[in-house]
């Protein structure tokens, strides 16, 4: 009986979604907002080859700031929840093969993450992807060396310093540039080179570091309550 | 192609909603939530697609002058980019709650949590 | 040159096909892991070597990829098999020797408080 | 045309993964199916000309969130075993 009602609700939801599908006739050209972003003079004003990065960092930079704040809050709440675990942790030792391979691979993975977020304005990639890759390197550390103490202080400092630099650069754009999160505070450079697009690579690198530190904090919170046996 | 993606997204959303409403185990409800999330992302990316165009990255294949006629809509993609990361944060938060609840009541069945029911 | 590359890539695809048949045929987790790792590592590496012949401009990236696959694939399957052993996934009935059982050090669990 | 066929196949696989994730009794299989759904969705994003989103989904949706699910599952399982003893 209960399932019957749920089926009715979901069918109603599907009927609600149907007009959205019916009126959708396949875009033939860009919407007004997107064509504003893709105009030649606006692209040259921002000078970033990857338009998604331009939208995320400058045009819709406040969204990114709110997103980073939400992530910080979730990381803080998770750390608060999982902090006091008085249980005895019992862990099995890892083999030589695994630890050696992890030692070899971890620097390479972190380097890949840094490459991804430094090149975010030229190729697909950016702060969020790079942060996720760095967090997966941290997961490898946590799995390979579970008895090593996690350096909370370092990650805390990294997170707060990159957050402060992000907000500071944004405010600097308001002071000496055109507006909040304006990227013209640094020289724009030539289109398509690494040192271009003004402050976008700097801001996105700090976003990447912040996201990486927050995701690592969340993962460490979950790892610290594990035990084999 | 965008029609196929749109239909897939809607069906995945409905599947996630079904899982959220019918399952009894909290972990399964959270899995349903993450499926729902993925479906929403598919729908948003499908709405951004423009027929026969490439990704919004300007290089020697797509020059600045012809960008208007060659790229897809970058705005929904940017929104989905942040939504995925928030989705991970929210999922982790829900799982932490689930762990805490399991520690209190020694069970994962939602029917046993009646503290706020009246 | 392209013909050599195509032949090597085809050989790689054939090895991958054998790997997928083995995944269905093998009786328990450990045998499946062995088949999946050995054959798929060889198959992927052969396909990439074939690509080196077809596209000489990409050879640096492809050699890097081969290095990564040789690094990660065997290690991950080693760790997976170990984890499967410790959560007591049963062997097939024809297993004769269990060397991990003899090793005392591997079975001890370090407790910290 | 080719892309249309590939996207239909991907759509069918995605729906099958969603079905497995909901119906399957074993919770580990359900979690892995949800991760595989994310992985195939990232290929669909690549076809829909969104490489940035595809990268993020592949790294986060199918990597990190699956690992977090398994951490929680392992924790709950060990507490259950300790309670039974």
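Every chain is named by a letter (A, B, C and D) in the order it is written, and numbering of its residues begins at 1.
Criterion: contacts are C-beta pairs under 8 Å (C-beta built on N, C-alpha and C of every residue); 3 or more make two chains touch, one makes a residue touch a chain.
Since we're looking at a predicted model, the values are computed, not measured.
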| query | Of the other chains, whose C-alpha centre is the longest way from the centre of subunit A? | reply | C
| request: Find the geometric centre of each of subunit A and subunit B from their Cα atoms only, then give the gap between the two centres in Å, rounded to an integer. | output: 16
| task | Would you mind pulling out the distance in Å between where the CA atoms of subunit C average out and where those of subunit D do? | result | 22
| query | With chain centres defined as C-alpha means, what is the inter-centre distance between subunit B and subunit D in Å? | reply | 11
| query | So how far apart, in whole Å, are subunit B and subunit C when each is placed at the average of its C-alpha atoms? | reply | 32
| query | Among the residues of subunit D, which ones contact at least 2 other chains? | reply | 51-52, 56, 60, 64, 68, 72, 75
| request: Among the residues of subunit A, pick out those that touch two or more other chains and give their numbers. | output: 50, 52, 124, 126, 128, 132, 215, 218, 222, 225, 229
| said: Going by the contact rule already set, what residues in subunit B reach two or more other chains? | reply: 2, 7, 18, 49, 55-57, 72, 77, 81, 84-85, 88, 92, 95, 99
| query | Between which chains is there touch? | reply | A-B, A-C, A-D, B-D
| Along subunit D, where are the residues that touch subunit B in the complex? | 3-4, 7-8, 10-11, 14-15, 18-19, 21-22, 27, 30-31, 34, 37-38, 41, 44-45, 47-53, 56-57, 60-61, 64-65, 68-69, 72-73, 75-76, 79-80, 83
| field | subunit C residues touching subunit A - in the complex, by the definition given at the top | value | 71-72, 75, 78-79, 82, 86, 105-106, 108-113
| request: Using the touch definition up top, name the residues of subunit D that touch subunit A in the complex. | output: 51-52, 54-56, 59-60, 63-64, 67-68, 71-72, 74-75, 78
| Footprint of subunit D on subunit B - complex, ascending | 1-2, 4-5, 7-8, 11-12, 15-16, 18-19, 23, 25, 27-28, 30-32, 34-35, 38, 41-42, 45-46, 48-49, 53-57, 72, 77, 80-81, 84-85, 87-88, 91-92, 95, 98-99, 102-103, 106, 108
| Residues of subunit A touching subunit C in their complex? | 88-93, 95, 97-98, 101, 104-105, 147, 228-229
